[in-house]
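After this come two complexes, each holding chain A, first together with chain B and then together with chain C.
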Partner chain A sequence: MSLGSRAAAVFGGAALAKTLCAVHVVNAHLCGVAFVLGPSMLPTMNLTGDVVAVDRITARWGSVAVGDVVLLLSPENPRKTVAKRIMGLEGDAVTYLVDPAKGDESKTAVVPKGHVWVQGDNIYASRDSRQFGPVPYGLIQGRIFCRIWPPESFGFIGQKA
Partner chain B sequence: MSLGSRAAAVFGGAARRAAAIPWRGIVSDSLSRAFLVAKTLCAVHVVNAHLCGVAFVLGPSMLPTMNLTGDVVAVDRITARWGSVAVGDVVLLLSPENPRKTVAKRIMGLEGDAVTYLVDPAKGDESKTAVVPKGHVWVQGDNIYASRDSRQFGPVPYGLIQGRIFCRVKRTPFESIISGHQKVLDLSVKRRSSVESSFCQFASISAIYKHVCWYNCCYLTITAGRTDRPCFCNESCFDMKFL
Partner chain C sequence: MGPWNNLWLFTKKSITGIIIGVTISDRYLTFVSVRGDSMHPTFTASPTTFPGSLKGDLALAERFCLDKYRFSNGDVILFKCPSDHKQIFVKRLIALPGDWIQVPESSEILRIPEGHCWVEGDNAACSWDSRSFGPIPLGLVRGRVTHVVWPPWRMSQVERKIPEGRISSY
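Then we have the complex of A and B:
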């Protein structure tokens, strides 16, 4: 390899590393992209998967609100990231249906300090705080605010009433 | 010269001097330097957050492993990300009670372990056993008399762990953080007479155990002892009591 092409290769590699670093910093701290799939957030999100935009600043700032859809690490399996909707912040008393497929029993829980209560929109097929309890706020990775793929369902994901 | 033409001359001169300044060069120079700073910070941040980070930890809950007044420690991010933390590792984690607070504790149990712990050692010998659920770890501070840990807030989800503390940066060369419970007893510090009045960090241990020992420098000699209770020094610091 001649000196010129070797220098060019080093330059290209350095530029690639710099670009990846910058992309990673933006993705992890400003606005990220994630692919979410599963039945637990129907009808808000598709069963077969959506590409969503994740706002990292709101969660870092501590200004997530009830009704926001958030991305969080599962407390049962730290390698799994799940998307759920926040139903209660610390101090709130949350009333929830324990198992809607099996009757009308509802319970009330108070969310302890530093935790949030999350539930999937599809309570019939969702493993959420009704099973694993309130989730520490530190597990929240970001707030999902927009769906960007598939293009026919492009749009902002808002807060359900 | 009239007033108007003198003013015109002054402004004209200023405009000519302004036009002579190489604005394009200055702007492009400062932009390229700003980009260089940004690129460096990005790279530093990526290394800090994903390979090996640096943190400053302080507080009494990890005495005697860590200082009351603070330690600069090196944090290994890869072990935690890979899922290979072990019992006895000191880890940095987000507090489940306050997500803006990062705490350092030692892992005493992984998922599935049955952990036996002293509920409140200052108030007696009562001990309980808990099974750590899936995806969680049990953390405790080394100084169980002054530590808020899993004994109060329960097992902690693994996702809150930020990294494993493996090294302390000090004035003298690097010193490895003790991993594993046994080695806490290998500390040996000299005993001093009560005449000396220098302040030492270990005097703070006695404050935690409600024995004030600030005036006398009281170093502890721990050669052998029980693995579950640390030592403290009494008011006069003449001799050490093993609990």
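Then we have the complex of A and C:
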């Protein structure tokens, strides 16, 4: 390797490292993309998987509202990230169906300080706060605001009460 | 080479520096200042008015453990407070999922649920921890404290400590 090509390699490596750092900062602090899959958010999100855009700022500032779809670390397995809809913030009383497949028995719970109540849109096939209770706000990774893939269903994912 | 050119160059360099710094601090290593008495004697909240000194100890924390969530009992960890996500707490990890723990100040024996952990301060007398808020999800953990780096006379590695006779793994 000549001196010139070695210098070029070092220069290229540094440029690559800088680019990766910039990608990390944008993805972790401003706006990232995520792939979500599974039946729990039907019909908002497809069974076969969607690529969505995640806004990191709203969650950090603590201004997530009821009806937002959020990405959060599962309280039962920290290696898993799940998408759910916020149904209640701290202090809210949430009434929910215990098991919609078996009847309409409902319960009411009050969300404690610093916690949120999350549920999947498909209440028949979702593991959420109805099973594991309210989750700490700190588990929220971002707010999903836009679907970017598949392109024919591109569009904003808004609030739904 | 006017003054504007220099200013532009300086801005560019600073932004690059900040971006690299933030990335390292988010993914690999970070510094945290530990305030309060809950982790005494591992960390002390110094009452001294040493010029330019911080309120407490400065500690080095690593974030490599977050890739696989691989922790051991006795590690000192950083985690987001379960009732206020803007606060970061430093406590000792006492029990991991599946462990049985005897809750202090009661004879209750509790099993740590899947994906959760039990945290306690070293100074049981003034620590607000799992004894009040119960087991916390592992997803709240933000890193593992490895060294005390400031003040210099207390510079040392943070030891792993396990309280005896209270934990059993089955």
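By definition in this document, the second predicted complex is superposed on the first by the 161 of 161 C-alpha atoms of A that agree within 3 Å, B and C clash if a C-alpha of one lies under 4 Å from a C-alpha of the other, contacts with A are read in each partner's own complex, and residues count from 1 in each chain.
Assume contacts are C-beta pairs under 8 Å (C-beta built on N, C-alpha and C of every residue); 3 or more make two chains touch, one makes a residue touch a chain.
Values in this document were obtained by computation on a predicted structure and should not be read as measured data.
Aligning the two structures on chain A places chain B and chain C in a clash. Of the two partner chains, chain B and chain C are each touched by A:Leu73. Within the superposed three-chain model, A:Gly49 lies out of touch with both chain B and chain C [touch as defined at top]. When the shared chain is aligned, no partner comes close enough to touch A:Pro150: not chain B, not chain C. Of the two partner chains placed by superposition, chain B and chain C are both touched by A:Pro136. In the superposition on chain A, contact of A:Gly13 is made with neither chain B nor chain C.
In the superposition on chain A, contact is made by A:Val25 with both chain B and chain C.
Contacts of chain A with chain B, set against its contacts with chain C after fitting on chain A, overlap at residues 17-18, 21-22, 24-25, 28, 62, 73-79, 112-115, 135-139. Of all the residues in chain A, the ones that touch chain C in their complex are 17-18, 20-22, 24-25, 28-29, 62, 72-79, 112-115, 135-140. Across the complex, chain A meets chain B through its residues 17-18, 21-22, 24-25, 28, 62, 73-79, 112-115, 135-139. Taken in their complex, chain C has these residues touching chain A: 16, 19-20, 22-23, 26-27, 68-69, 80-86, 113-116, 136-141.
Residues of chain B that touch chain A in their complex: 38-39, 42-43, 45-46, 49, 83, 94-100, 133-136, 156-160.
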